[in-house]
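Labels run A, B, C, D and E following the written order; every chain starts at residue 1.
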Amino acid sequence: MVEKILFIVFAAFAVAGALGVITRSNIVHGLILLVFTFINVAGIFLLTQAHFLAVIQVLVYAGAILVLFAFVVMFLNLREFQQEEQFHRGQKWAVIVLAPIMLAEIIFVVTAVTWASVNDGFSPEAIAAQGGNVKVLGEQLFTKMLLPFEVASLILLVGMVGAILLAAKEDRESVCLREWDDDDGVTPSLVEREV
Amino acid sequence: MTPQDLIPIIPELILVLAGLLVLVVEPFLKADKTANVAIALTALLISGAAAVGLSGREQAAFTDMIVLNDYAVFFKVLFAAAGALTVLMSPRYLEASGRHMGEYYALILFAVVGMDLMAASRDLIAFYVGLELMAVSSYLLAGFLRYQVRSNEAAMKYFLTGAFASAITLYGISLVYGMAGTTNYEQVGATLLAGGDGLGVALATALVLVGMGFKVSMAPFHMWTPDVYQGAPTPVAAFFSVGPKAAGFAAMLMVFLTVFEVSRSTWSVLFIVLAVLTMFVGNAFALTQKNIKRMLAYSSIAHVGYLLAGLGALGRAGTDYFAGEAVLFYLAAYTFMNLGAFGILAYLKTQQPATFSYSLAEFAGLGRRSPWAAVLMGLFMFSLTGMPGTAGFVGKFYLFSSVVKADLAWLAVIAVLFSAVSAYYYLRVIVYMFFREPEVEYATKEPISGPLAASLALSAAAVVVIGLLPSWVLDAAQASFGNFFG
Amino acid sequence: MAIPIEWYLVLSAFLFVIGAAGVLMRRNLFIVLFSIELMMNAVNINLVGFSRLHENLIGQNFVLFTMTVAAAEAAIGLAIVTALYRNRRTLMVDMFDVMKG
Amino acid sequence: MNYVLPLIPALPLVAFVVTLFLGKWWLKDSAHWIPIVAMAASFVLSVAAFLAIRGEEHAIVVELWRWIPVGDFQVPIAFQLDQLSAVMLLVVTGVGTLIFIYSKGYMHHDPGYYRFFAYLSLFAFSMLMLVLGSNYLLLYLGWELVGLCSYYLIGFYYHKPSAASAGKKAFLTNRVGDFGFGIGVMLIFVTFGTLDYIEVFEKVEHHVASEGVLLAIGLLLFLGAMGKSAQFPLHVWLPDAMEGPTPVSALIHAATMVTAGVYMVARSSVIFASAPTAMLVVGAVGAFTAIFAASIGLAQNDIKRVMAYSTVSQLGYMFMALGIGAWVAAIFHLVTHAFFKALLFLGSGSVIHSLSGEQDMRKMGGLAKKIPFTYWTLMAGALALSGIVPFAGFWSKDEILGMNFKGGGYVIWAVGLIAAFITAFYTFRLIFMTFWGESRMDPEVEKHVHESPWSMVVPLMVLGVLSVFGGFLGFPPENGVFHKFLEPVFHQANEILHVEHHYFGMLDFVLMVVSVVVALSGVFFAYLFYVKRPDELPQKAGAVSQPLYKAILNKWYIDEFYNATIIRLTVDGSRWLWRVVDAGVIDGAVNGVGRLWDIAGRVVSPFQTGRVQNYAVVMFIGLFVIVTAVIVF
Amino acid sequence: MEFGFAEQIGFRALSLLTFLPSLGALIMVLFMRGRPSAYKAAALVASLATFALSVFMLTAFDTSTAAFQFQENFVWIENFGINYRMGVDGISMLMVLLTTFLSVIAIIGSWNYVKDRELAFFASLLVLETGMIGVFTSMDLFLFYVFWEVQLIPMYFIIGIWGGARRIYAATKFFLYTFAGSVLMLVAMLAVVWWYGKESGALTFDILTLQNAGFPSDLQFWGFLAFFVAFAIKVPMFPVHTWLPDAHVEAPTAGSVILAGVLLKMGVYGMIRFCIGFFPEATVNAVPYVMVLSVIAIVYGAAVSLVQPDMKKLVAYSSVSHMGFVTAGLFTFNLQGIEGSVLQMVNHGILTGALFQMVGFFYERTHTREIKDYGGMARPLPIAAAFFSLFVLGSLGLPGLNGFVGEFLILIGLFQYMKVFAVVASLGIILGAAYLLWMYERTMFGELTNQKWLSLKDLNAREILTLAPLAAMSVVIGVWPGPFLEMLHAPSLEIIAKVEPFMAQKQSLVQMASAFLGGF
């Protein structure tokens, strides 16, 4: 029962935080609300006995990713954009109409389906008996999931290379190449344009 | 894991090692990147050769995460070929763009690895990481020319829509997992089949379809395609138009035939409807394009429409994999002709790096200025149109015959009519090249670079050979379904 | 099992749709990136819930990979943001429409 | 005969080929020799053929090769010599030779000298094919080829627009007739399974076809004959055909080609005899044309046009004869008409020649003294045409009228009689206006008036003799040499019609007197009008019957009527088809498909806004629709 | 009885015949660039050699049988049962002869016509010849389709590069129109092949095998429709003809000659081989409709020709009319109609080819094709006028020239089928004479409209050499068509035998249509 109440609390916070993220115009507020949401999701992971994931959720999301975001936000000094219109005018309404229907549809489906367990035997109790969530998860990761694991490392490598490629300090000789290449007469909407 | 498990991934291992080697070598190279080009090219060739060497084998590896069979081999060879041709056409182009860096080749290699995994995977997790490896590399390749607004924009658009789409797919995959309790294709398929078709399966089908449809630019999830192709460096656009697309189809065929066996009737109808939509969208948009790169992008969407018709037929055909073979063959044929067409664009860009904007008007009088380029472009255009004697025709022939075989003659009629419409914009290129005189004088041309010429020549040769003596590729395509389920 | 699987799914559906709405509505590129993270988190909730339901760890393993991917995507996304910002001095998504038609 | 018969048409053909290819550079002014010799040789061979067939019961058929062999449709190139074709051969080659000789003088100095003779030779060949062919398709072949030659020769002075357009008009009007002829031929084939004369007639006798079909065949064939023989309403081309050189008018448009229609009906006598209604139509059309054309002839001032209408009118007589089953009379009139009308044309050609090309009779007069040979020969022709005893025309024409009267065709007889009066009137109007009275010539022209060269005069004299004495071939009426000779050909037809042999009787004599009186009164009135009081009577008559006169002067407005209806309708209709239907509707639809796609492209193009979130929302909507669809279905 | 190459000539004559022109083109392109006299001579030699070979084959041709002769058969794409199989029967032999003959004419005729990219022009003509011969000699559906489409490309370039002012529009329209039709045919081909494959268990594209397959009614209907539309566009039949005038007007002379002379025939040839060969039942059902369309084409084409201001366009529309005769004759399904129809194809090839060639010669001199700019041309150009008149007369069906034989046979056939059609078609003949003579009068006769024309040179020896063979053929076929018809007897009987079984049961339908039309 406690679990259920906690779940509802975490869930409510998470949803509220998420709503905040997509409605607040201040990026920093958004960022903080996102962290808040993620922490609540981590809480739900905890409730589900996925301890390792809960920790990783906080570390990776709240820690690494969001710090990265914060860093960039500050680095680029994005205050000026907060004065501008934050929503797509027409599209906003389409989304406001469609999204709830979509949500209803998904909820309708997921509640209509009878979710049968296959009971592979890794119940929290069993896991605890085998040495805890982290150990079992780790074992599986390096045996069953070896290939994806290695590929995931490649993905991270690519991400790293990419970040350097795109965001590294500008080298002078290349800057002069910055121009409207391939200009076929299309003028871009520049910053001055009203939305 | 046993050492045995490494055999199926030999081609990928080669590529990964080469990719890492490229990254390591890069800091030691100055302006001349020949070494890295050579490494990448060699790796791709060896990888392809290795894949050929592995053909005929059947082996599951990494706890059934991936398999080695002729199906995977077919795609591995195809991806290696596409990668090699892309690498060949890149150096001069990148030099002209002022950004010739070894990382580029590493990214191509990694993308090919991702695509190989998509084709070979037998598990949704492996599929997903393969997909993401390819996607992440692709985003970077699209934005490779970071000082160019279009390249940035292309990367951003590709990234946003790609991430959005993969989130949707992922959601679908999670539902599949929820229903089956496993992620292995065959097990999932069996479980779902036992559970019967239901709302959950339908929703999951739809969600997965969207994500994969995005990768192959199926309407209405295609809209990134023209912008990304236009903004990305031309060789990259060439690569995109064949690599990720073929990988998407490779995964799609596999996933829908195994995982979603139960919802066959749903997805075959979806594919048929979306095929018509995609054909329409691709052709209608392509008609008004003045920019050849965008035109080719839309045309690639149209081709996806034809391929989807094949998938629809496959869904209708029961255990007859004729349509699947046709799709494979078509992808192979399409790879060469499209790479060739983009190769010509790359060549022209290297001729006038500062001014060439891929506009149709700049093709005027090409037949006089560089007759060989014009003749080859003509060949590729005719092939894309589906004129007999070229790979494009045999591909269409095969594909539409599979559609007809599945008693979808009406769909074949729609498809061929659309391909007649497509003839208009392909011909327009020929019209400009041969029938019109240029409005301005163009600078004298410099000789074509060796690798680029080789790439074009190989593409053209492939187009003609597949067009006239298709048995070779046909056999491969048929064999790939021969040991489909072991 | 204490918490019904539907609860996870409903929560996930909420987060997913909210994330999707964020992607579609907001002009600020950062918020769009945040929203994508929301969507992936929604998936994570699903996976974890199902992992619990089926009493296997595939789902939890899967979550690890999605997180990795999310991290890599975040890195790349930010790199793209940086490059864009340098070239265009804006982060309003709809400003980037050089290529269209 | 196996070798002689093919040679008859072959000789002119050879002459044509040689003259055409060598004429311009080599033969030049001596281009006439080969055609004349070839024609004369043909004449000699024709005489031989004539002698050979005399008294024979059966026709001689010579087959050369299969022309069109397809299944049961087997048409050979084969020649059939019987009495009818023998007569035609003689007329064609005989009159032809004379006119060839005449042309040597008449066409001298013309830049297209060799061309003229080449065409004439081709015509001779074609006409001989026409009369010699053993089946309907060969008849059709000759029929079309003579039409072609007529086209070329009418348009001989091709740089004159009127000549060129007259040629085309002739060809096209004939095509309308040939439309019927062609369908008739098809109907014959479909009905009888053959086109061979002998076989067809045999089958007709054995009642293979119903009378309705035979009627259809007859009428269709007659439509062709109407075109070629210029019967109303397809007569319009013949007067215009006078644009051609005069020898052409004589040969083609008087003596030979225009009588092909008569030949055809006579040839098909068995078919017509079996379809009485068709005969009635033939007779009626002939009679109407006879009087109709004669009436127009009254008011024409162009000397050749008078002749032309007279020809039309005389051809009408021949059809009157055919209509009553007087086959021999028709052929007889054909022969005498060939003589005197060729003579008249050549004579008027001589007049024109001596007047340096003047054709308007109002600018002539008093020529009798200046060109006496021409005058006297022409006079002989005029008397023959008017039907004055005992000139050639009298016998044939009187026989036609007599046969009609006796056959019960009183109306036709009466019409023919009135036409005979008009004929005599306008014939002598021509004579009087041209040769009698005061000279109304241009002084300039008058100075150069001269008698024509011998090459022109000799043929005139020969024809003059024939016009005077030719009629005695058919004497006594209905029982002459001519009739006996032709008897075997029309034997079948006459049997079908149950014609009994007639002998000259009282009634015939009375009719003869009547027609002579009528003819003479015509001459008298002409004398009254154009010699006695030329200054007032014609005007007065014209004034009294003002509308009628105007109608006659304008040829009853037939040309205008055709221009305003059929031609206008065709051209405007075609233009409408082209502009509206073809370019507008059909091609419009084709281009419309293209435009539709273009519009589609333009309409959808803005949807690609370049804003990535629009793309995402489209994806989302797509997802939404798909999800909704899979949930609902 | 199999007519292999060995029995008849001893070498692979058909392959040689088909690819000889392309071989010539290849040699020209590879070794003779920049040397006009050399490559022109090579082009002529290649086409002449092809023609000579085809005539030589004719001497070994057996006219007594409908079987295919000079056969060659190799496996090409085994997985689909596609073979490289070639062979000719009387009809295709005649078409091949027409092709090789007209190709020579076209090459001589355009000796000095193009100034720009001459090598490519002649090479295109030769490649085109390969495509055309291939269409007529293929005995495999796939092979046929390959040739069918491939010949579009050189023609497309010929119109597009060396054409007139609106050449791009015309070339595109030509290409797209034909392409749209033929892709439908592709689908029908596949449907047919698959049906047979499922029925017999063996996939084959062999035409003879498929001709005896006996397709079910449903498939017959749709298959016939698709094939027929593709071929009707090519012919072109009435409502789908509008690409033709545009293509003709813009095409260079050689293009028009080949287009009118051979390309249009491919449509009818296709109807004979496939529509009738594969779908006899559907064909019989379709006869009334085809007839109506054909007869409309006859009259309509002639009427529209009448008012054309442009000589070439006039001749182009006249082609619509003449091809109407051809299709009408074919679908009568009696010996006269079919043989007349095939012979008329040859005749039309010769005559219309010649007319286009003439118009080309005039155009080279005056640089105008407007009829109103001409007039009195017989004076400066008597030889040209003479040739022109011969071809005009042949075209309007003057007996003694070739046009008549075909036309009359068709009419006889048509008359046996249904009299109304023959009568209406005959009206077309009247109109035919009208537009041709009117055009001739306005261009050749009358006053000289332009004194400049007086200085024009008459045809030179080369031009006479171009026209003389055409004129000679016109006369020869006109007076002695026997040998040509003889080649057609056996194949025509075969065609009739094919449709005969269905004719009887459909008689009522014909009568119905007859009654329906009789009502007008």
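Quick notes on this structure:
Convention: a contact is a pair of C-beta atoms (placed from the backbone, for glycine too) under 8 Å apart; a residue touches a chain by one contact, two chains touch by 3 or more.
This one's a predicted model, so the numbers in the text were calculated from it and none came from an experiment.
Common neighbours of chain B and chain D under the contact rule above are A, C, E.
The minimal number of chain-to-chain contact steps leading from chain C to chain E is 2. Summarising the inter-chain layout, the chain whose CA centre lies farthest from the centre of chain C is D. Of all chains displayed, E has the C-alpha centre closest to the centre of the whole protein C-alpha set.
Ranking A-D and A-B by contacting C-beta pairs places A-B first. With respect to chain E, maximal separation of chain centres occurs for A (centres as means of Cα atoms). Chain A and chain C have CA centres that are 4 Å apart. Centres computed as Cα averages put chain C at a distance of 97 Å from chain D. One finds 26 Å separating the Cα centroids of chain B and chain C. With centres taken as mean Cα positions, chain E sits 37 Å from chain D. Shared interface positions of chain E, i.e. residues touching 2 or more other chains, are given as 176.
In chain A, the positions touching at least two other chains are 88, 91, 94-95, 102, 106, 108-110, 115, 117-118, 120, 144-145, 148, 152, 155, 158-159, 162, 165-166, 178, 180, 188. Shared interface positions of chain B, i.e. residues touching 2 or more other chains, are given as 125, 128-129, 132, 136, 139-140, 143, 146-150, 155-157, 160, 164, 168, 175, 178, 181-182, 199, 202-203, 226-227, 230, 288, 424.
All chain pairs in contact, by the document's touch criterion: A-B, A-C, A-D, B-C, B-D, B-E, C-D, D-E.
Residue ranges of chain C in contact with chain B, taken from their complex: 5, 9, 12, 16, 19-20, 23, 29, 32, 36, 39-40, 42-43, 46-47, 49-50, 53-54, 56, 58-59, 61-62, 65-66, 69, 72-73, 76-77, 80-81, 83-84, 87-88, 93, 96, 98-101. Partner chain E is touched in their complex by these residues of chain D: 24, 65-73, 77, 137, 140-141, 144-145, 148, 151, 155, 158-161, 163-165, 167-168, 171-172, 175-176, 179, 182-183, 186-187, 189-190, 570-571, 573-575, 577-578, 581-582, 586-587, 590, 594. Interface of chain E with chain D (complex): residues 173, 176-177, 239, 241-243, 300, 303-304, 306-308, 334-336, 339-340, 376, 378-379, 382, 393, 398-400, 404-405, 408-409, 411-412, 415-416, 419, 422-423, 426-427, 429-431, 433-434, 437-438, 440-441, 444-448, 479-482, 485-486, 489. The touching residues of chain B, counted against chain D in their complex, run 156-157, 160-161, 164-165, 168, 199, 202-203, 205-207, 209-210, 214, 219-221, 223-224, 226-227, 266, 270, 281, 283-288, 421, 424.
Those residues of chain D that touch chain C in the complex are listed here as 605-606, 608-614, 616-617, 620.
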